[in-house]
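Okay, so chain A shows up in both of these, paired with chain B first and chain C after.
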Partner chain A sequence: MLSAEGIVVGYRKGVPVLDGVDLHITPGETVGLAGPSGCGKSTLAKVLCLLLRPWKGRLRMDGEVITGFRHDAPAALRTRVGVVFQQPRLAVDPRLTLREIVAEPLLANGFPASGVIGLANRVGLTGELLERRPHEVSDGQLQRACLARALALRPRYLVCDEMTAMVDASSTAGLVRVVREQASDLETGVLAISHDDALLDVWADRVERLG
Partner chain B sequence: MTEVLLDVHALSVRFQLGRRGRRGVVRAVSAAGFELRAGAVLALVGESGCGKSVLAAALLGLLPANAEVRGRATMDGLELLGAQEKTLAERVRGRMIGLVPQSAASHLTPVRTARAQLVETVRALRQDVADAPAFADDLATRVGLDPATLRLYPHQLSGGTAQRVALSLALAGDPRVLLADEPTVGLDRPLVEHVVDTLADLSTQDKAVLMITHDLAAARRVATHVAVMYASRLVEFGPAGAVLADPWHPYTGALLDALPDGRFRPIPGDPPELTALPDGCAFCQRCPAMPGYPPCTGEATMRRFGDRFVAAHPPAAIPEYGPLC
Partner chain C sequence: MADLVGAWHSAARSRAGTPRGRHIGGRARLRGLLGVGGLLVLIAAAVLLPSLGELDQSKVNYGTRLLAPSTAHPFGTDANGADLLLRSFAGLRVSLLVAALCAAISTVLGSLFGAISGALGGWPDRLLMRLVDTVNAVPHLLLGIVIVALFRGNLWAVVASIALTHWTTVARIVRAEVLSLRERPFIDAAISGGSSRARILRRHLLPAIVGQAAISAVLLLPHAVWHETALSFLGLGLPPHLASIGNILTEARRAVLLGSWWVVVFPSVLLVLTTLATSGLAAGWRDRLVPRRRSELAL
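And now, the complex of A and B:
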């Protein structure tokens, strides 16, 4: 289980964005996180993927209390949480091909790059698309590559921070279908952050509200 | 019948890649035709990359130099396509057609306040306005902004507020047609509703809105008419209620099926590359997944049936009225 307990955190001293927030995700479960712009959804996401150290409160992953965040987080814990961000164009190196983007986590962790093909198939990126660079594909196609990258190390938890906000309805349905399969086949625990209630209604097992 | 404000006929846009198109030709818009009438909110919908934004940019003469534009687009007796830059700058942009650009915040000058930019725009477009700052406040109020927010710089504005600043800029010249390119991307649902409601309120008796969007839920909320675009072509056009409730083209049906409150089913496959479009119906390769529609005639252009237009999938029960183009 990935659990945040009494998280207090912000960006400016004395101005907490989250003031005592609890959230639990069990493997195989999809938790929706809803709330208006600026309520701290993404801040909580950053804490859960170990990118932001909370001022107060505790983050526990499978029973282990997390003490190191960002570069201090042990690789074994960091790679247990995958993350997909809102804007795919800001989340990739524009010089790499989609194949290289998806391969990055594999190579960085000593796995063969041959795993890329299976991942790409899983998200529906076919042969020739993998050889293109980000400016040669649509937002929806690039976000599929970002999802494949997040799934590369078979994370036990997956944080989707407004994964579908920039893409059209068909791409949204396609991305969510892949994440749902991942949750049911590999028992991945998913945090689905969105401001679209209609989307969370069909995607999440339960919905938590912030703000 | 209300007045036709903007009449677009057989509009095509192509881009040559490489020298003289040696690296291929992108067919971004192919023979698009539609009318925008006073009082209408026309939603132009379709997947990313189908040519919606290029169509809009063509109307304002904002395409890059390697674009080849054909067809006609008339407004107030003026031919917009191929008009001189001077005519576009002095008569069209901001005065006849106001543009709310995609990702509005990135179109604001980062080093000047929203007020400075709005007042400058009012002074440039409206010589008849004596008190530009007061007029700017009025514009802000019209789009639901507190005039006090105008003292902020663009980086201090949230996405929704920046969107409304862009809307007030587009309204400064009192254009009869407002063109909004993806006005709802990245906004949360209440803000989406606020923005599209504001747009709809602006299409009064003598004005109209052309809203480019891939957000069908937003289109359903405010549009009076819907034009569906697929792989550079318009495939269905008609009154919003009729088209969204009973789509005739399987692509329109597939878009509705993809919505979370529909069947939430992605459209299988990818749209064809705009450099390698088939001559006839471009949806055929994805069509078999959409049973229950009349068989495809393979035709690329739309035909008219009563007040609706559809390509390649004529309804069986309604007599044809004639081709659009």
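And now, the complex of A and C:
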């Protein structure tokens, strides 16, 4: 179980964005997180994937209390939570091809890059697209690559931070389908963040509200 | 009224037809091409010309002293009777060599320093940047003179004195670039994917600053030529028999008072042309090497 207990965190001293937030995700479960913009959904997402150290509160992963964040957390813990960001264009290095982008977590953790093909097939990226660079593909295609990258190390938890906000309806359906398969096949715990209540109604098992 | 509307429409069309960006891009490309071409010609001349003619810089020939430009001596001759065309290009060769070495050393040193400082952040970053401030607080020329004075008349001393005082600018530029890069979501994604600090530096940060560093190196080139010239002009640079633009201009000081304008004009023009060509090259290169503009337009 991935659980946040009484999380207090902000970006400027004395101005907390989250003030005592609790959230629990169990493997295989999809939790929706809704709320108006600026209420701290993405901030909570960053805490959950070990990218932002909370000022107060506790983060526990599978019974273990997390003490280090960012590079202070061991790679094995960081990679246990996959993340897909809202803007695919900012979430990839513009210099790399989609193949290199998807292969990065594999190579960084000593796995062969050959796994890229399977991942690409899974999210619906055809071979030729993999050789292109981010500015040569659409937002939807790029987000698929980001999802493939997030799934590369078979994370036990997956945080989708407004994953579908920048893409069209058919890509949204495709992306959500892949995440749902992942949740049911591999017992992945998913946090689905969105301001679209209708989407969360069909996607999530239960919906939490912030703000 | 209809005319007015029509005029407005055609003006809008012509604006749409020739986007400002493309226009500027074309001019930068032209500048870049002129820069590359000019620099290649200057380098080729500096390498080839001195070995084509007979130039013995250790001999003095009073018979051909301070001759005005003619077909035999297109640039005239200097106070020692040497052909100024050959001597100027021999000087340019030495100046360019010194400058290229200085630019390369300061860029590598500055890029590593700036990238590590920016990537570490926090107190190590503050400490390293105060070190940069300390080096910057001493006037470059003064620090350079001290280094050169310790090893008189040595080519490497001149290189060291310029390189060790100019890496700070590169370090600052690179650090600023790294600071802005490391806040981007793709670095977060890399951390989440288990990439180590070293891997992020190698895979994302260093490739991203290569463009900036290359431009800094090219811009440092003319600056280093001027610095070498200044040191030699003060009599602290290269020995007199090893012509550099600075040495030639030092000797020209006396000759120009006797009315021999060519001993100052021709070497100076070479120096100015080299500067213009390299800055043109830098402008063109920046346009090609910084892909950010292109991909950020698509946002």
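One rule holds in what follows: the second predicted complex is superposed on the first by the 211 of 211 C-alpha atoms of A that agree within 3 Å, B and C clash if a C-alpha of one lies under 4 Å from a C-alpha of the other, contacts with A are read in each partner's own complex, and residues count from 1 in each chain.
Everything that follows uses one rule, which is that a residue touches a chain if its C-beta (ideal position, glycine included) is under 8 Å from a C-beta of that chain, and two chains touch if they have at least 3 such contacts.
It should be emphasised that the depicted structure is a prediction, and the values quoted were computed from it without experimental measurement.
Peer 1: Once the shared chain is lined up, is A:56 touching chain B (first), chain C (second), both, or neither of them?
Peer 2: neither
Peer 1: Does chain B (first) or chain C (second) touch A:104, or do both, or does neither?
Peer 2: second
Peer 1: Mind working out whether A:95 is in touch with chain B, chain C, both or neither, as first, second, both or neither?
Peer 2: Once the two structures are laid over each other on A, A:95 reaches chain C alone.
Peer 1: Is A:36 touching anything from chain B or chain C once the two structures are fitted on A? First, second, both or neither.
Peer 2: first
Peer 1: With the two complexes superposed on chain A, say which partner A:172 touches: chain B (first), chain C (second), both, or neither.
Peer 2: The first partner, chain B, only.
Peer 1: Tell me the contact category for A:154 with respect to chain B and chain C: first, second, both or neither.
Peer 2: In the superposition, A:154 contacts neither chain B nor chain C.
Peer 1: With the touch criterion stated at the top, can you tell me which chain A residues are shared between the chain B interface and the chain C interface?
Peer 2: On chain A, no residue contacts both chain B in one structure and chain C in the other.
Peer 1: So in the complex, the part of chain A that touches chain C is made up of which residues?
Peer 2: My answer: residues 46, 49-51, 70-71, 75-76, 78-79, 81-83, 85, 87, 89-95, 104-105, 108-109, 133-135, 146, 149-150, 152-153.
Peer 1: Quick one: in the complex, what on chain A touches chain B?
Peer 2: Where chain A meets chain B, its residues are 36-38, 86, 126, 138-141, 165-174, 176-177, 195-199, 201-203.
Peer 1: Which bits of chain B are touching chain A when the two form their complex?
Peer 2: It comes out as residues 47-49, 158-160, 185-191, 214-217, 254-255, 258-261, 264-267, 270.
Peer 1: Would you pull the chain C residues touching chain A in the complex into a rising list?
Peer 2: 184-186, 188-197, 199, 203-204, 207-208, 291-292, 294-295, 298-299
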